[in-house]
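Each of the two complexes below includes chain A, the first together with chain B, the second together with chain C.
Let's look at the complex of A and B:
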């Protein structure tokens, strides 16, 4: 039976639910690459351009990790997933980049480009066809997967809503999910915050229906779908949390402008901007986190005294 | 007192833009002061740290214009990060305490005639649609002719006999172009100067070195940002070819995308974002007749970073030397010259070996 490999980086964090239910419905086997580790990172650094962003380097490392472990590697190409919006150009080039970086690689690919009327459904139908399934089968599988993935998203959103009502110290961690949940990039930060007994609010668990309206309050011109989510979450949660941590990979094109714009809207609470580049030592990051949390606690105590 | 309208620099294109704005509005049109080191310093000081360098140049231009008394600023917009420049720059400038109105020519990635007309109508209530379209078309031809002449110049300037003869004639041509009021006189003017340029004395050996310049648009069009790469190359007696110019970006790109996809299908299945695919296509094309390729980009330019591995692969397959320049505000002129000289020696050696 055919095995499909999914690199645990970049788009995995947006589309995993959709992919996994789609392939499950079609009774296909899926293999994941390992969690990000030092070897994957050093592989990626060797394969990628020096100037490529950390996330792209990790991605190439994950693809390398999958080679010889599966029949196909899933590498989609995105251009525009929402009307009048675009995505980071890394996603535009992803397929061709992987295809040209590795020799003899079997890639499973679909394309989403709304400017050419190629929507997600069409992409998955073509994906199914390439794997030898009829359009009807793929259609049903896609609908099933879409429904399930939406359900999962809503469940996460509900949980977040509940977390927001607690009295604990709350911190919004705003980042692209592929940085936020990555074992090397965001995970150490999240682990640290959890150890400190802080409730974490995740930027990608904002109610998906309010993204557009919240984002418009900060920026009318932004056109990167994935950055919009981060910006909307900063605007929406800024009055509801005690502090904000923004994680970004170096050098990130969209983030360099979007985060700059978002931060200037936040006035009353402390913001920590972490730009991740060299992952060989997280001591520098931890020191900054420590002092940030000290500031938060002090502020909270002061407020508490004022109120009493 | 008239209000002053101003806009950032991009090579010599301030001339047609000035022409357009002067015809369409009642304001005094004054382009930003020429780019200097100071411009970059100013831009750098107030920009986000990791933004790409065109943003810093643009912001520096705006600040200098505002200091000179401008009260209306124009920003073009376009694809990639350019599309988002305007909003961030406006906010930064307002935070600095400047008062001005800001005009974005292209919104939502596409330029629509009616929307643009409405923008100008707001500036000048007497403007008629006919005059708007007419001036616009003349400006487009202005740009088109400028680029055509530049192609001729790039081929010949490395071999000029009288120093600066090309540059001086070009300055004169711009002045004459600027005084043309309709398409016919502009076209006549263009042909006149084309003849003149072709008659300028050159001393060109038959097997001269030929180099193609590809890369990101701002660094290839604004000489200051690439540390005057083209004139440095001209000093080395090299024939140049550069694809990116304003007429390419405004309409040629759209018309040729399908053709490019067909020609690059061995390497690329999709477009790579911004000018990524274009550069892969150019590499394939240049590899046939040229001796070397120079690729320029600002540091951290995401679309080019995505395209470079593919460009490198093409260059390796086709066996053509290629050199990559990545410009940052800290890049030093000497480093670039040294690398350029080494590159020159390489292509010269290869040519002689053949």
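Let's look at the complex of A and C:
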């Protein structure tokens, strides 16, 4: 049985549900790279160009981690996944980048480019074909995977809706999910907040149906599909949380514009911007988080005293 | 016996210490260079306090802040270890209860703290690089062959500050050399540098933040009257500076230590040998570097490990 390797970085955090249910339905074996660790990062740094962003460096490290552990490595190419919108240039280049960085690598690829009418379904039909499945089999597998991944998303959204009703201190942590949940990037921050008993609201658990309408309140055309979720969450949750922490990987072009546009909408609560790069010292991040939590606690105490 | 509280602020460039009484009055203070050796700097400060403190005063708690707060905190057995933002705000508010904005530019970082009704409501800190901080000014002073202490007074003699790009220290340096070779006056260049520090701060650290009056300017760079004047010119308002501005962090953390359980302070830390060493854990691919703090031969603290596996290694094996 052939094994498909999935790097636990970048697109994994958006599409894993879709991939895993698709492959599961077709009874294919999947193997993941390990969680991000210092070795994966340093491998990635060596492989990447020096001006690549932290997340791309990590991605290449994850690909390396999979080499010799599977028959294929899944590396899609995304160009435009929503009408009149684009995605991060790294996602455009991912297939070629990996292909040129590694020798003798067996890449499993699908392409989504709405400007050329190549949609997600077509991508998955071609993906199935390459693995030796008929269009009808792949079609059913795709539909199944699509339904399941939506179900999972809605479950996460419901849980978040419930978390929003608590009286506990709530912080929106807004970031691309590949930063938010990465073991080296967002995870230490999430862990710190959890230790401080903060209720965390995640930007990628916003009701997916309101993303477009919330973004329209900020600007009528935002180019990057994956930035819209982050922007919409900042705008939607700004009156519902006590503070916002924005995590971004250095250097991120879309973030530098999108985050700034969204922050301008926030008036009455503190916002902390954390830019993560491979040279970060933990103490620098800790100082910023600690101060931020102090501010929220002081405010809460003040309000409590006022109301009593 | 009168109770007193010790606050130490160990920054990248300078180390500050204060002893306060229970009414927050500063009894003793000391300001010295850290010179890359926080343990030595703190020992020097403690020695000074030991020799100058009157006999009827007893230190009942210690607080530490600044970038070496944890290291020094465990050496001094501090009852509170606090980040510099909170410490600065508390210290400043104890003297200026109405303050709305704190501008702080230190050796390697700069921050803005916004206060409303005596409560910190927001803050921002420089990210990633130290452009436009004290380290930047002192390296440029060295390049121009001028004592950084005279920088401000020289800047004030200029009527026509030379524009200098201060976004990046490396670029600023080449810009500065270029301007000097073009024949600009030294005092204009120095005034330009001061202005560029203020502009860099307002465009980066304070970007998007509402700077409300009254404003206080603190940190080592606030001693530079050229930079103070630049801020006043750009913001078109009066900026408060305090002769004790550099002590606010230490003062704040001393005040915070008052609420903590009392631990009598032992002035004899100089009798012990404190050292640090580090070791790579090696138990997983993260290979965390664990730092050990030793008092003579005994480990008194360690940190740097991401998970409990790092707890099991010692500095010996």
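By our rule, the second predicted complex is superposed on the first by the 305 of 308 C-alpha atoms of A that agree within 3 Å, B and C clash if a C-alpha of one lies under 4 Å from a C-alpha of the other, contacts with A are read in each partner's own complex, and residues count from 1 in each chain.
Keep this in mind: a residue touches a chain if its C-beta (ideal position, glycine included) is under 8 Å from a C-beta of that chain, and two chains touch if they have at least 3 such contacts.
In this text the structure is predicted, and so the values were computed from the model without any measurement.
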Check whether A:203 is in contact with chain B, with chain C, with both or with neither, and answer first, second, both or neither.
neither
Quick check on the superposed pair: does A:250 touch chain B, chain C, both, or neither? Answer first, second, both or neither.
both
First, second, both or neither for A:37, with chain B first and chain C second
second
Per-residue contact with chain A, leading partner among chain C and chain B
B
Give one of first, second, both or neither to describe whether A:53 is in contact with chain B, with chain C, with both, or with none.
first
By the touch definition at the top of the document, which applies to A:277: first (chain B), second (chain C), both, or neither?
second
Identify the partner contact of A:219: answer first if only chain B is touched, second if only chain C is, both if each is, neither if none is.
first
In the superposed arrangement, which partner chain does A:295 touch: chain B (first), chain C (second), both, or neither?
second
Which partner does A:160 contact after superposing on A: first (chain B), second (chain C), both, neither?
neither
Once the shared chain is lined up, is A:264 touching chain B (first), chain C (second), both, or neither of them?
both
Would you please give the residues of chain A that touch chain B in one complex and also touch chain C in the other complex?
250, 260, 264, 275
Using the touch definition from the top, list the residues of chain A that touch chain B in their complex.
48-49, 51-53, 56, 77, 79, 84, 86, 88-90, 92-97, 99-101, 109, 111, 113, 219-223, 250-261, 264, 275
Touch list for chain C against partner chain A, complex
67, 70, 82-86, 117, 119-125, 127-128, 208, 284-288, 306
Parts of chain A lying in touch with chain C, wherever the complex brings them together
34, 37-40, 188, 250, 260, 263-264, 270-271, 273, 275, 277, 279, 283, 286-288, 290-292, 294-295, 298-299, 302
Of chain B, residues touching chain A in the complex:
48-52, 55, 80-81, 83-88, 91, 95, 107-109, 267-274, 276, 299-303, 305-310, 313, 326
